[in-house]
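Okay, so chain A shows up in both of these, paired with chain B first and chain C after.
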Partner chain A sequence: MSALRTPFFWGLLVLLGGVGLLPILNGSDSMREDIFLVLMLVILASSINIIMGYTGYVSFGHIVFFGLGGYVAFYLMLNHQVHFVPAAVVGGIVSSLIAFLLGIPVLRLRGAYFALATIGINEVVRSFVTNFDPFGGATGMFFNYEVYNGYGGSKNALWYAYYAILVVALLCAVSSLLIKKSRFGLGLLAIREDQDAAQVLGIDPARSKVLVYTISAFFPGLAGAIFFFKNGIIEPGPAFDLLRSIEALVMVMLGGYGTVAGPIVGAAVYEQLRAFLITNSTFSSFHLFVAGFLLLLIVLFVTAGLVGWLRQRAPRLRRYLE
Partner chain B sequence: MNIDALSASIVDGLMIGFIYGLAAMGLTLIFGVMRVVNLAHGPVIAVGMFAVLLLAQNLGLNPYLGLVIVMLLGLATGIGMYFIAVHRVIDAPELTTLLATFSVNLMIIGIGTVLFSTSPRALDVSLGSVRTGAVTILGTKLVADLIAVIATVGLYYFLYRTRAGKSVRAVANNRAAAELMGINSTWILALSFGIGIALAMGSGSLLATLFSFTILSGTVYEVKSFVIVVLGGLGNPVGALLGGIVIGLLEGLATISPLPVGWVPVIEFGVFVIILLVRPTGLFGAR
Partner chain C sequence: MILQVQNVSKRFGGLRALENISFEVREGEIFGVIGPNGAGKTTLFNVINGVYPPQEGQIFFRGQNITGLPPYRIARAGIARTHQIMRPLGELTVRENVTVGACFGRESLSLGAAATVADEVLTFVGLGGKAGVLASKLNAAEKKRLELARALAARPSLLLLDEVLAGLNPNEVADMLAAIRSIRDNGVTIVMIEHLMHAVMQLSDRVFVLDHGAQVSEGTPQVISVHPKVVEAYLGDPKLAQRLLEGLE
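For the complex of A and B:
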């Protein structure tokens, strides 16, 4: 727990918490919506980084846990009138449980085979939910406005959702730091570098990988529950959108693979950039092209990402920038 | 269940299976030679569709003649793509090459949607049809299958009978050893990538003669190709053809089975994940 006494931990808390407090202080709805989205992307990118950046296992279809958490929580809120906080927690736990069960066989695969399997799992779940009547099938499920009455009207519910996502984002970032700085995290980094050598040194790769996969599924599950509670409608397409998964991978790469701050920086920069490209008149129709081109430049020339690059360039910063 | 419907759906499934197989072959060849999963596979198929459409509309070219030009274009595009996006990261971990090819995917879709919008297009080809009993076979499908078979045989002839093809297999087997034998591995990798893209664009052109399409249509075939490639064994071109036939048959039979059509993808992807877990070398894998 010595990680909790480092300047980086306090910096992270103050910066992320400070940005999160801004819309609460000035009460601006549009700012709240912007920051909600960034915090959600921070959660998605950070949790992918926990499995991918630390262990080297590219979970391409990680969005499946976002969708699952969303669906489970939505189902509980709609059909059993569960309050949204316990419903979201159940959503997160179910996501983790499924990750645990899936992880045992799937994490035996390595490299591209694992990446393909996670895409397959996302597609299986998406097509299953599309046909699963209790979850509303292809049309999904939606709230009546009465559901929000329990939270003081829909306007208040939006604020509740915002507080919730802020708390989850902070939890996710702190967990990411604690894992990286723990003995367990060192084991994961060793698996990333050379799994066979790590095993020889006394690390149990199978157990570590399944455990970290379980943890990394918890936060997207919560984020999905909160996002679809706020949305009021859940459909298979947006819930299991592979593109969003890949976007989160891009954010991790942009910020810095395997660092704690990287996915946070990456999510913020990516979202600003996307918003700029879409609203800018010269780029709006070419925004996908520009995004692809930037991604290629990063992949080819700045492999370590923004935070990784800073850490390489200024070794002194390493103490303050994990 | 009546026998006419059964035979019709089997024939239909088989025929589309060959084309699925051809579409997957490019993906599996690239993976087999350089361990790169080409995430731009779908958009490349869509480019093949639009290329043959433009050639037919603007130059009045017969689609089957256009196919040859499209495949040559594909070869050049693929070699270019290799040097721009893949060569620098060829030895990096999977994530890097996955993202590099995905960035190409984004760029193609980005330009494609601006140029062609996402409204559906169709190529007007009609070659009549053959009827035997209850089974009607469209001429376009028959020709497309024939071309798919010729392309597979051609690929095999190239890989096993020509010097360049043997070099491709040598590089796939062990790049360092191949270089020690005097093979220029960079060019062989670029050539393999080019052939993979040519096959993908060719299959796109054939699909364009059968169905209407948009710039986003490639994604459907890309995901199908993943399933097929895993079924047939990653890196095994003949396995891809067989895998394509299996998926085609499965889809054909699903239309007459009591199971609602919506469940077909659940089964397809379920099989995909299970095969990855139980037999990652594929059903028809050699090793």
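For the complex of A and C:
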């Protein structure tokens, strides 16, 4: 827990919390929507980084946990009138539980096979949900406006969703830091570097990987629950959108794989870029091309990403930039 | 007896890498393992520390049957090893590499306590000045020392050293020999695979000879260096044996 006494921890809290407070202070709806999206992407990217950046297992289909959390919470809110906070928590827990159960067989696979398996999982879950009547099948589920009455109307509900995503983003970032700086995290990094050597040094790779996969599924589960609560409608396509998974991966690589700050920086920068490209008429339908191109450039030239590059360039910065 | 290997066999497909091997290692001794390339020495370590389960036979560590346990359980029980082909955790610093050894070894230390042990051990192997460097940036001799430091940080009761002298210059060899003696003097039992005959003969209390997966001989350095089969199979030159013995004072 000594990570909680470092300047980086306080910097992280102040910066992320500060940006999160901006729309609350000036009450702007459009700013709230923009920052909501960035915070949600921070959660997705940081969660992927916890498994991919620390452990070396590329979870391509991580979005499956976003969709699952969203569906479970939506179902509870719609059919059992559960308040959205406990519903979201249950969504997160169910995502974790499923990651735990799937992780036991799937994390035996190494490298590309694991990455492919996670895509497979996302597709299987999407097809299942598409045919699962309690979740509304292919058409999904939607709220009538009465659901929001419990939260003082839909306008208020949007604010609740915003507070919730801010809290989850902070929790996720702090967890990412605590994991990286813990004994458990050191074991994960050792597995990432050389799983067989790690095992000879006394680390149980299967146990560590399943545990970290379980943790990394919790936050996207919460984020999905909050996003679809705000959205008022959930369908299989947007819930299990592989493209969003890939975009989150680009954010991790852009900011710096294996660092705490990287996915946060990556999410913010990527979203700025995307917003710019989408409003710019030349590029409007072009942003995925740019995302792909960006990924290629990073992988070829700055594998460490922005934060990783800074840490390499200025070793003295390392104490302040995890 | 700290280690008992009983009738152990390990085959890779049709290749008999180890055939009915038995020996015992006493508490506190340095036990040398010699044999030509491909004799099965590294495989013997892999079988002892759980990388491969043996197809036949059993291995006891301090009386406890450890046959077939996974490597991490064996590490925690108190057996540490180095790798002949070094396996640094490249993107971690030298200190972090050694901290891993201390955290997950026999004593399961907390992160803070492990970092303290790591610094002590790094000073001992002469890598104190490199603690903050990424392990991938070390040269070969330094990587050897890192292997040793990581294994020592686990505070093992039995240490398996796989050719830690290979590729070192004479000064570095002398340093390493002194380090190995001092580790033993601190109560750690050592099994060492080594090609440098004069080092094995000087350091070992007993020597075990492997050839083509089979057990050739076992005994004190004096006995081994004149054993006809050893001279024939391994030393080749009978005069070399004579010279080695003279080297034993």
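Everything below uses one rule, namely that the second predicted complex is superposed on the first by the 320 of 322 C-alpha atoms of A that agree within 3 Å, B and C clash if a C-alpha of one lies under 4 Å from a C-alpha of the other, contacts with A are read in each partner's own complex, and residues count from 1 in each chain.
Simple rule for what comes next: contacts are C-beta pairs under 8 Å (C-beta built on N, C-alpha and C of every residue); 3 or more make two chains touch, one makes a residue touch a chain.
Bear in mind the structure is a predicted one, so any value in this text is a computation, not a measurement.
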Touching partner for A:157 - first (chain B), second (chain C), both, neither: neither
Chain B versus chain C as contact partner of A:199, first or second or both or neither: second
First, second, both or neither for A:212, with chain B first and chain C second: neither
Partner chain in contact with A:40 - chain B first, chain C second, else both or neither: neither
First, second, both or neither for A:267, with chain B first and chain C second: neither
Partner chain(s) touched by A:187 [first = chain B, second = chain C, both, neither]: second
Contacts of A:292 with chain B and chain C, given as first, second, both or neither: first
Chain B versus chain C as contact partner of A:177, first or second or both or neither: neither
Set of chain A residues, in rising order, touched by both chain B and chain C: none
For the chain C and chain A complex, residues of the former touching the latter: 49, 51, 70-72, 75-76, 81, 83, 87-92, 96, 99-101, 103-105, 108, 110-112, 114, 132, 150, 154
Of chain A, residues touching chain B in the complex: 52, 56, 58, 60, 105-106, 108-109, 111-113, 115-117, 119-121, 123-124, 127-128, 130-131, 138, 246, 249-250, 253, 257, 285-293, 295-296, 299-300, 303
Chain C partner contacts - residues on chain A that touch it in the complex: 2, 182-183, 186-187, 189-190, 192-194, 196-205, 258, 315
Of chain B, residues touching chain A in the complex: 31, 35, 37, 84-85, 88-89, 92-96, 98-100, 102-107, 109-111, 113-114, 223, 226-227, 230, 234, 260, 262-263, 265-266, 269-270, 272-273, 276-277, 280
